[in-house]
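In the part that follows, the structures are each spelled out as structure tokens.
Next come two complexes, and both contain chain A; in the first it sits with chain B, in the second with chain C.
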Partner chain A sequence: MAKIVTDVVCPFCGTLCDDLEVALDDSGEKILEVYNACAIGATKFLHSQAEDRLTRPRMKQEDGSWKDVTYDEAVEYTAKMLVDAKKPLMYGWSSTSCSAQSIGSELGEEVGACMDNTATVCHGSTLIAVQDVGVPSATLGEIANRADRVVFWGCNPAHAHPRHMSRYSIFPRGFFTGKGSKSRKMVVVDPRKTDTAKMADIHLQLEQGRDYELLSAIRIAIRGEKLPETVAGIPAKTIKEVADTLKSGRFSVIFFGMGVTHSLGKNHNIDIAIAVTRDLNDYTKAAIIPMRGHYNVTGSGQVWGWQFGYPFCLDLSRGFPRYNPGDSSSNDLLIRDEVDAVFTLGSDPGAHFPVGSVKKIAQLPSVCIDPHITPTSAVSKLHVPVAFVGVEVGGCAYRMDNVPIETRKVVEPPEGMLTDEEFLAKVLDRVKKIKGVA
Partner chain B sequence: MADYIIRNGFVFDPILGINGDIMDVAVKDGKIVDAGDVTKATEIDASGMTVMAAGVDVHAHVAGPKVNVGRNFRPEDKLFSCSPRSGIKRMEAGFSVPTTIRTGYLYARMGFGFSMEAAMPPLYARHTHEEIVDTPIIDQGALPVFGNNWFVLEYIKENEVENTAAYIAWLLAQTKGYGVKCVNPGGTESWGWGMNCETVDDVVPYFDVTPRQIVDGLIAANEMLGLPHCMHVHGNSLGEPGNYGVTLDTLKIAEGHKPNNEFGRESVLHHTHLQFHCYGGESYASKSFESKSKEVMEYVNSTDNITFDLGVVTLDETTTMTADGPFEFHLSHMNNLKWANTDVELETAAGVVPFIYNPKTFIAGAQWAIGLELGLLIKDPMKAYITTDAPNAGPLMRYPRVYKWLMSAKARDDMLDNVLKYGDSVRERCYIGELDREISLYELAMMTRAGPAKTLGLSHMFGSLKAGLEGDVVVYPYNPESDTDDPEKIEYAFGNCNTLLKGGELIVKDGEVVSNGKQKRTFWVNAKTNENPVVERDISEKFKRYYTVTQNNYAVEGHHYVPNPYVIEVDATK
Partner chain C sequence: MAKITLTATKTPELRLEAENISPDIFAGKSVAEIAQLHVFVGKESQKLGDYFEVAGESGSTAANTTIVINGDVSRVKYIGMKMTDGEVIINGDADMYVGAWMSGGKITANGSVDAFSGLGMTGGELTVKGNAGNYLGAAYRGDWRGMQGGIIRVSGNAGSDIGTFMRGGTIIIGGNVDVHVGTHMEGGTIIVKGDAKSRVGGQMVKGEIYVFGDIEVMMPGFQYRKDVDIEVDGTEGSFALYEGDIGERHGKKKGETIYGQLYMKY
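Moving on, here comes the complex of A and B:
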């Protein structure tokens, strides 16, 4: 009979669902099925058991072929690369545990690295906006229990965060929202008619890149001031209707995604979205929550916050923490040829950075720590596969609302395989020895 | 572990009744021993300097989610306040909300050995513990917040003290928490709907219970459990002109409650940052704002079962942060600076707003005065503890400046005459002008170590140099005989200790941090109670229906979050 592991936390997206059940075979070594998870989450668990999975580090040869190396050799290469570099970039940190991030911070401090996480290409603009105007927010349970007005702005949870609506935002019957989706009005703002938009009570199909104007118009409408006939392609009447809907609710929430964080306006879009939320609090209760992507991108911002005081774009090269997005951010550093080695862990810049940046990674001494074969591992000199956090090793992760949850170990990793934390600890130890500080 | 003997310092220890005698203090195997009990000890020359037990901070916000919001949303707080790594010291950053590394070093430089994180949202307990682990040197604990928790509201409404106590014990174990904190009772739950409770008799929406009932019920439950620390309250209407009446109403709830514990604690209620709760007048805009510290202190001085901390405004730019969600919203409307808020399902809320206490305004000057008045009006300094509610009324690093103001009338007069723009008005509408008391080093030791250790139920470990206590000893470069002419020497000395021993380990040597500490501990209280099926069922139901994490994923597991625990066992089964 299959063994069922309950209360498993999904290490895929920022929704961090913690009610998964995983069925194991009699030996307890093989995952048979994943219950309650969305398709993406289930695949992550099942993929960890792929037969063609890499289990040992491999080094790229001059002819482009790969040669298996030991973990010790991988540690040696990584440590030497970081020590030799004048200004290494240590990027990623979003798909690993906080304890690994914490050791990585110490390593970055030791070698004077520039450290950045995936927020730099997703919600970094949100973090900047929060530094400008703050953020009235709430945990997802507050939304489930209280929110009767839900806005999805520039995001498509039906596809990107598949269980968000059922667990937290639209369908749950909360303490004060006993009728579930019938207790709620749903507004979607998106230039596309997405599957999320199709479910909305009101879909504002605005003109591409006009988010700032529309948010500004809603702010004006909330205050009861006069509007032009149309803004961002939306009639004034509809805008007023949305403003009235939000004002008349007992608890309104705005969820927003990369449709606004990285479209025209960037952090300014979020500035005004937060301002709308702030204004709404003069009439009712309102909160705003970013739809964070990786399951622990939020955690890396937290760890760096308490260790260095900034959530991303850290420059530790002068011996004390500095922060200047646009200058100390990964793509700017790569494009300006300012870094001379690239260490990647827990993310895939090869798939998401501009091609110019990826070419630079290919040219530099580089290490990619990742259980999967990815575009980043393909362009790196050394690829170190590690155990899957949340599947083969536990560790803390922060949900999109900053709630920390301990992910669970479900199965053993392949024999002899290191975890992120173990590999980083070995590299840190080696770096200290090379530098003579241990 | 090396043994130490600190020779020839001026020793101040109110527990032992030592008031500036020149003597030796010895530490062996991490504990204080009689000076004759050490043989091959490392000698530390403290001649001409002040020796005390290490400081104990009863209330500061130095670890946890709202503190980190403060760090992350204020890059400007790091301007001009970063220190490079050097030797064993890691990078430091931040002024009003320092990084965890700097927090540990700051406490060490100020000669502290223990700090209580004053508000931990239970759902975010892991975060608080992760920061505590990354804070070097000092021992810490954290108080989970209970004053707006749905379980508590429902049990107290039905007058079910036993169930409240069982739930508190359960939550302390789940979160690895230390005691019962209550912030704006009822008001923060009301904030879930954008409302507030401004008096002790305002009714919480839906839950139909009042702050008076909540405070009363939490005190009763706290004493039923016999916890080491008393109920720790931040009352309603913080910071509102005219709020002293609400404060008196809150304090009077303690009447009729008796302490029940095995830790030597005599209070049943600790009122925190009392400065923010002693205001007269009708509004900030009017000319009526005034101090009511004397009125509140008359009551406090007449009772035995209340302690408090000061919350002195230090006239800095700082970052306010509190589980009093509606207060922070209100504050953001006063100064129009950035506002962060997080409502936490079923439990609490919190807000963060930067704030500048401008000495050129009358209100900031009056707030500064009121905080000091509380310290100068106290009859028994064992009941009044020096804090800045860091970072709310002022950054942690300002403690030594507060000592200076309390210890020197000259320093206060200088502020009133030369720094505050409305010093005359402050003299007129506050009591500070008529107070010429100067807190002595003996009283300072009561207000910063012996007293807080007692009210936290930790006097068997900290706060004194009695043999058997923890080897936490500090030497300050202050000569109580010859350094009395210049108040600045007080501020310098208490911010830059000469020597700190923490648990017998040398942390600060000749004014330099020389170790990150090897044995930093997290204190929590494990209260055993009888089985309570009703509470167990309620917990299970609430998790199934209203929490967004499962009950099995709620508990803070020890391995990573509390790697070096110090568990205080309490048996409440009888």
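Moving on, here comes the complex of A and C:
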């Protein structure tokens, strides 16, 4: 009889589904199956069981081959690298728990690091816009129960957040949305005909890179002012229709993704989308929510927010927090030769950064903390595998709507493996000893 | 006017943070004292004298102190930051934040400057003979006050996001500019003698923008009002006046709604 663990939280994407069920074998050590999860979520659980999984740290040798080292040796190398560097970059922090992020902050402060999370290449621009103009938001629970006008702007949940529409935004029958998708009007804004766009009541297939102009046009339409014949390739009539649809709803929500946060204009696109949301609140209730990617990138912004006052792109080198994306952002730091060591935990810049940045990581002293073998671990000097957060150790994570959820431990990690938190604590301890402060 | 000459002797390995290079800080100090001032490389505090040869004499106040910088300072940040008076002459390219938050005095960069120069500036003159980077005269992150006074004159091109949240003062660009000019502008004047890309005056509330060349894509929120013959920075010409950004909130004066004004040269 397989043992079923219920109410498991999925540590993959920002939807943070909390209704998973995991079947274990009789010993309770092996995951047999994952129920309720989407394909990517289930794969994450099953991946932790891979036969060829690394269980010990390894150092890159002169000839490019890897040599196994102990965790103590890994701690020593990492601590020394961080203390010796004039300006180390500590990047990642999106696929780990809030308590690990918190110890990481303490470590970053101790060594005067530049700390950045994956928002720097996804929703960082959203955070800048929120800082500029504020944000009218809501929780996904409110959306499921109330939203009858749903906009997906520059995002494709059908592929990136597969259960978002079924759990929260389109299909659920909520308290005031009893007919599920029939009680909702769905608008998708995307230059491509994505699988999400195919489901929409209205698909605005705008010209690439003209989001700012189209959002501005919607504001003009909401105010009932005169519009040019077409904006961003969309006829004025259609823009008015969308504005009327949103105004006539009882609760409108705009979900947006990297199609607008990292296309032309970046933070300005979000700034004006927030302005549209604010304008709509003159007529009805409206909210806007970013489709955050990694399951705890939101938490990393929260933790740094309350510890340092800024959610990403932190420069702690001078002993006080400074923040200015464009200057203190990972890629700018790497490309402009501003950092002299790279520490990565809980994300994979090797796969997502421009090649110029990745080359810099390869040239500098570097450590990658990750349970998987990734492009980042491949270019780093030291690779430290750790336990899977949300599978082999619990910990708090923030959903994309800023709701904190405690993830669950389902199985034990392989014998003798450290968690992120344990590894960071050991490095912090060692750093304090080297600096003579403990 | 007393003159201090800084000659760069060494290229910093990372970038140098040198907010002490300012007439306000140099005034009343001897050459030896100036060489002792701190500069930062990451978390390491070093001496200005480690990177520059310091010569000449400083004045008794910022007002009568001129700083001339020779050699390569393209990796030196914060030159003239927060200066209130006096003069800085940079004979080459400089890194980010040149003249950021300056309130008086004069900076002349004979080369180019990088991003965030003239950030939140409230007075004084910043002249750039080369090009300027992004966020020229803009607001610091999260601040709603961009440039509020003074004048920035760039002979070459400028990057994106110039004059974001600008509330006063004048920015004159001799060449072309990238996207987002005067976003959220609430006052002041921006003159672009070359071409602009898209998003000129987006979410603009008040103030004036003049574009002599083309705007690749006009914001939908600007409406044509009339033609006017005016003189702009010494050039007389006919301009088409547009008002906007219609989608944004706008105040009223004597019952009339005030809009941002965008002039396009014929």
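Assorted remarks:
Convention: the second predicted complex is superposed on the first by the 438 of 438 C-alpha atoms of A that agree within 3 Å, B and C clash if a C-alpha of one lies under 4 Å from a C-alpha of the other, contacts with A are read in each partner's own complex, and residues count from 1 in each chain.
Going forward, a residue touches a chain if its C-beta (ideal position, glycine included) is under 8 Å from a C-beta of that chain, and two chains touch if they have at least 3 such contacts.
Because the structure is a prediction, the values reported are computed rather than measured.
Legend: residue contacts after superposition of the two complexes on their common chain; A:Asp132 is shown touching both chain B and chain C. Of the two partner chains placed around the shared chain by superposition, chain B is the only one that A:Arg250 touches, whereas chain C remains out of contact.
Contacts of A:Cys98 after superposition on the shared chain: chain B is touched, whereas chain C is not. Of the two partner chains, chain B is the only one that A:Trp306 touches; chain C does not reach it.
Once chain A of one complex is fitted onto chain A of the other, the partner contacts of A:Asn145 are limited to chain B, with no touch recorded for chain C. When the two complexes are overlaid on their common chain A, residue A:Arg318 makes contact with chain B and with chain C alike.
Applying the stated contact rule after C-alpha superposition, one finds that A:Ile272 touches chain C and leaves chain B untouched. More residues of chain A are in touch with B than with the other of chain B and chain C. Contacts of A:Gly224 after superposition on the shared chain: neither chain B nor chain C is touched. Chain A residues 131-132, 318-319, 323 lie at the interface with chain B in one structure and with chain C in the other. Residues of chain A that touch chain C in their complex: 85-87, 111-112, 128, 131-132, 210, 212-213, 216-217, 219-220, 223, 225-228, 231, 264-265, 268, 271-272, 275, 279, 317-319, 323-327, 336-340. Those residues of chain B that touch chain A in the complex are listed here as 63, 65, 67-68, 71-75, 77-78, 82-86, 90-94, 97, 99-101, 123-124, 126-127, 130-131, 134, 150, 191-194, 206, 329, 332, 337-346, 349, 352-353, 545-550, 552-553, 557, 560-561.
Considering their complex, residues 6-7, 9, 18-19, 98-99, 102, 106, 109, 127, 130-142, 144-146, 167-168, 173-176, 250-251, 278, 281, 284-285, 287, 301-303, 305-311, 316, 318-323, 395-396, 398, 401-406 of chain A touch chain B. Per the touch definition, chain C reaches chain A in the complex via residues 13-15, 17, 40-44, 96, 115-116, 134-135, 140-142, 144, 165, 179-180, 183-184, 198-199, 202-203, 217, 219-221, 223, 245-248.
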